[in-house]
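Two complexes follow with chain A in common, the first pairing it with chain B and the second with chain C.
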Partner chain A sequence: MIALTLLACLFAAGPVIWGLLTSFKTPTQVVSYPPQLWPSPTTVENFAGVWRESNFPVFFRNSVVVTLASVVLCLALAVHAAYGLARFTFRGKTLLMLGILATSMIPGIAILVPLYNLSVQVKLYNTLTGMVLVYTAWNIPLVVWLLKGFFEKVPLELEEAARMDGCGRYKCFYLIVLPLARPGMLAAAIMAMMAVWNDFLIGFTLAVSEQKRLLPFGLYTYISNVGVDWGQLMAATVLALLPVLFAFLIMQKWLVQGLMAGAVKA
Partner chain B sequence: MNRLAWKTWMGVAAATLALASGMAQAQPKELTFWTFLATQGTDPRSKALTSIVEGFNKSQTKYVVKVESINFARIDNVVIQSTAAGQGPDILNVYTDQLPMHVAAKTVQPLDAYFAKLPPAAQKDFVMDLDFVRYDGKLMALPWETRVWLLWYRKDLLDKAGAGVPKTTDELAQVAAKISSEQVMGFGFGASTGALGAGAMEAFVPLFWGAGGQLFNAKGDTTINSDAGVRTLAYFRDMVAKSKGMRSSVAAMSVEDAMTAVKAGTIGMTLMGSFRVAAARNAAATGANLQTAPVPGWATDKPSPARIGGQTLTIGANSKEPEGGWAFIQYYESPASQLEFAKAGVMPSRVSTYEDKFFKDDASAKDMQQWTDYAKKYGRMEKTPKDFSKLSEEIAKAIQKVIVEGADPKAALDEAAKAYNSQRS
Partner chain C sequence: MSSPAVPLDLAALATKRPRPKGTSLPAVFIAPAIVAVFLVSIYPIFDAAVLSLFQTRYAEKLRFVGAANYVALWNDASIWASAGKSLIYTGASLALVLPLSLGLAMLLNSAIPLRSTARTIIVLPWVVSQTVVALLWAWLLNADFGPIAYAAQSLTGSRPALLASPVGAMAALIVVNVWASYPQATLLLLAAIQTVPGELHEAAHIDGASAWKRFRFVTLPLIKPTLQVVLIQLTLLYFNMVTLVFTLTGGGPLAATDTLALRVLKISFEDWNLGRGAALGLVITAINFAMSALYVRALRQPAQVA
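On to the complex of A and B.
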């Protein structure tokens, strides 16, 4: 079993490790045959080139801005929707929940053209704001469903006790329920963050200017008609992986909780 | 407030408004220029591009050009999509093979009105026959670069094997076999459908023409399944199966992969465009080891025809400042800018540029002179249809079927021709 696990890990991590090692190779080592696994001598020129001689810092900044803004906006909207769905009973609730879920089942590529046309018409094409709005809308169904499970796990008695002590509905939600659902919010945040950070299609469709490109689209610029700059491409990929990797390492406990939420519910 | 004070305030306000409006008028108008060339990276053309755009912006005060670099395989689709939505660029770079697609998609404006204002000598100063960029009698773009397809070879590998530069296809097969080893593929090219099948087209067309083929008949249907096509595909098949100078793995390679392999010395020879030579030589492991020669012919008396193409500039259909776009095109194609591009390894599009002493004195210009001579003597241009990239992909698929699956060349080409011709009708 351990051997199988190791094999699976190697299978998954192999390309990442190869990319990491390539980022420290000189151009000659990158294209040498037979392939050279370990960089010798190692170089950080690829990282220096990426940071100093390309638009990588611009792409990186744009990705940070769009990811943070869309995650915050998404959470701000989704917590209210999720709480409503978790706590209230109303006609058409199941249908509404299924409707929200159904929107997340539409493949992104199917709505690219309408999204593009819409963004042009409302003057949000080639703007970070446009991308923030689309990513927010795109992530809301997943986050709502995830948080609904968390809110359902918050004991109703706590809210009732607070209300008996004179706490209003909103105050009760913000001061009692939300802090208790923090692990769920963090899990939802990291899932939304990964979805936005790694997305290529939306960013590619809604921005053309180099000053508005996000990282995944930016990585594409290392592929040109005079070849692929593998060293710099891998260095840029490694740098692009770091934020999401750190976020994952820090918040993985809550991510697992988030994914498990509802799974063991009676 | 008395009348005098009121008048004074009104005067100040009017003066401020006038000043502000004057300042607004003095602001240069921004022109967007979309090109496949990166504004960053190691390609010498990128540095030339940046320098020329900066030069234009400094040369006058009415316009400022902003460059947007878009991946070469995506730029045409992005332009068509953006122009349809009214978001197209003022100036755009179009490759000659893709120009008919842009004309059909109405993404570009005719340049005749501006071109007519040029002095007659300047109008005749183009290497490329401008009929090649005329559609329905209208001039739709102006070439700023000329390119020709060549045999690329690694001199170090040929020297090591004691082989000379192949002049015929038979010699090419023999030399490819001779320099092949476990690490080296003697001859190879990008035969995948990646990058719009560019690698397959670049390798197939010169040899196909050399064998007497013609890509299209008068009706516009492709005739790649002629005897010349079969001969070319059978040649590729035999190189893999008989002489062992090429491996079937080329089926998975794109044109960029093939270029990377030549740079690494893992492909000894390929057929590739002149425009990539300077960038390939920039690699540490390549340098002067990379040399070029005319594409080998089927007989000893002459090489295969030199396929000629080039990059062009034109004004976008959405442009509200076509005069500014034309001013930029003129600057971009001026002798000084052309010389700057020539120093970056680009074959100039203007005849007069070749008279500069750079072409007589500089060692790096000797190649360009050789390419120009090849183009002048054996050059061939064939106007391409708007769906040319579809044909490139079909040719790539046919090559793959023959060298990987062992399909009959005639059957594979018949299938490719049928696929292309049927989608036209």
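On to the complex of A and C.
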């Protein structure tokens, strides 16, 4: 059992560890054969090279901007929609919910062409703004679904009590319900953040110039350029992996539980 | 503002519950999100449908050609070949990932030391983007400097250039895909396994059932619904996957890994035939819906009592 567990952990972490070790190796050691496990001497020149000699900082910065902006915007829109869907019933609500569910069934690859087309027409092609808008809308179904479940668990009596005290409907939402939703919003924000940070296709479709490129597309073009400096490439992937890894380690307990709770509902 | 700790007369609240009449709050709250989703996810499908009926040059519609794009796709042998690649990719990945995930879920359900740490590590591939997955594995599988090539040479005496051979590239792609996707399946199955009541296992154990029999006749039937959901989710995921294939093999060598989804990307943004790319994208969407419907119908059969 323990042996199996160790094997599984090695399988899971192996590729990441190998990349990590490579990123600290000197160029000569990177291409040595037979391959050596441990970097000796360890060097940070790969990381320095990635940061100083390539457009990596531009890609990184673009991803940070687009991710933060789209997640904030998405949360703003989704938190309202989730509350509305959790608390109110109205004609056509089931249809609406099914509609939102249906959009998540559309494969991303099918909307790339029309998204490209639309972005060119509204002159948002090759802009960070265009990408922010697309990612915002793209994540709404997921975040609404997460937050709706959260809001449904907030006791109605809390709002009723506040309302009896003369609190208006809107005020009631912003002052009482919303603060209670903070943990749910944090979790949803992390899920959305990971989805945007890791995405390749939308960045590939909507941006063509190097200055507007997002990180995953930037990493991809790293290989297409003159030769492959594997040490530097591994350093670049490590840097790209750090934010999501960090977020995952903080939230892993909640994320795992959330995923598993979703399974039970299914 | 009263504090939530104030004792509430719930009965009174229940009878006098003020139902808002004609409040505009739901519409105001829900509309912006719905509009956004419509603009970015629903309208594009219609736009794609229109685009697919035209012969295009870049983003420009040249002339209306009706179903010509679809007919061209039907007559294109390479499209059928790509469909075959998609089938192989999806089928082989499923065949590998399901037993692996089930096994890992059972492992993580058992009493192993440092169980939650192990779970965190085992789930690690889930946070890695498809791009980074492809790059990490491209390096790991490197025929000149990679440890896997070295291990193969120590064992068999020859270094396999996996990614350079058609069969090897598909095999590598499948293994990498399994690595990248088993965590989500494992977690879902683990959750399902944990809902199986312990008493059932104990009862079977007392009756003398072996571990395998307990799994086959107690666990498996009870987790079947989740297994079905996982099956559908993974099938659609694999069929629609583009980034991993694009980054690791680019569809090569010699179109060995040129899946249908990847073809949409290539037709649209390498050949710049947007009309035909849109058409293929819609075909893939239709296949998605058909597969989901088929699955739901096929799996709705009554569970057999073992």
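Note that in this section the second predicted complex is superposed on the first by the 241 of 266 C-alpha atoms of A that agree within 3 Å, B and C clash if a C-alpha of one lies under 4 Å from a C-alpha of the other, contacts with A are read in each partner's own complex, and residues count from 1 in each chain.
By our rule, contacts are C-beta pairs under 8 Å (C-beta built on N, C-alpha and C of every residue); 3 or more make two chains touch, one makes a residue touch a chain.
The shown structure was predicted, so the numbers you read here are calculated from the model rather than taken from an experiment.
Once both complexes are superposed on chain A, the partners chain B and chain C clash. Contact with both chain B and chain C is seen for A:Val31 once the two complexes are overlaid on the shared chain.
Once the two complexes are overlaid on the shared chain, A:Ala3 sits clear of chain B and of chain C alike. In the superposition on chain A, contact of A:Glu53 is made with chain B only, not with chain C.
For chain A, the partner touching the most residues, choosing from chain B and chain C, is C. Of the two partner chains placed around the shared chain by superposition, chain C is the only one that A:Phe200 touches, whereas chain B remains out of contact. Shared-chain residue A:Asn117: touches chain B and chain C both. Of the two partner chains placed by the overlay, only chain B lies in contact with A:Asp229; chain C stays clear of it.
Within the superposed three-chain model, A:Leu95 lies out of touch with both chain B and chain C [touch as defined at top].
After overlaying the two complexes on the shared chain, residue contacts for A:Gly19 are found with chain C alone; chain B is out of touch. When both complexes are overlaid on chain A, the residue A:Tyr220 reaches chain B and chain C alike.
Of 23-31, 59-67, 77-85 or 149-157, the segment of chain B running into chain C after the two structures are fitted on chain A is 77-85. Taken together, the two complexes place residues 31-34, 116-117, 120, 220, 223, 230 of chain A in contact with chain B and also with chain C. Those residues of chain C lying in contact with chain A across their complex are 1-2, 4, 6, 8, 10, 13, 17-18, 20, 23, 25-30, 32-34, 36-37, 39-45, 47-48, 51, 59, 104, 107, 110, 112-113, 116, 118-133, 135-140, 142, 144-147, 150, 179, 183-184, 187-192, 194-195, 225-226, 229, 236, 239-240, 242-243, 246-247, 261, 264-265, 268-269, 274, 277-278, 281-282, 284-285, 288-289, 292. Against chain C, in their complex, chain A makes its touches with residues 1-2, 4-5, 8-9, 11-16, 18-19, 22, 30-35, 77-78, 80-81, 83-85, 87-88, 90, 96, 99-100, 103, 105-118, 120-121, 133-134, 136-138, 140-141, 144, 157-158, 160-163, 165, 167, 169-170, 173, 175-176, 194, 197-201, 204-205, 216, 219-220, 223, 230, 233-234, 237, 240-241, 244-245, 247-249, 252-253, 256, 259-264, 266. Interface residues of chain B, counted against chain A in their complex, comprise 34, 36, 38-43, 68-73, 78, 81-82, 85-87, 183-184, 195, 255-257, 259-261, 263-266, 276, 279-280, 283-285. The part of chain A that touches chain B in the complex is made up of residues 26-28, 31-34, 53-55, 116-117, 120, 125-126, 208-210, 220-230, 232.
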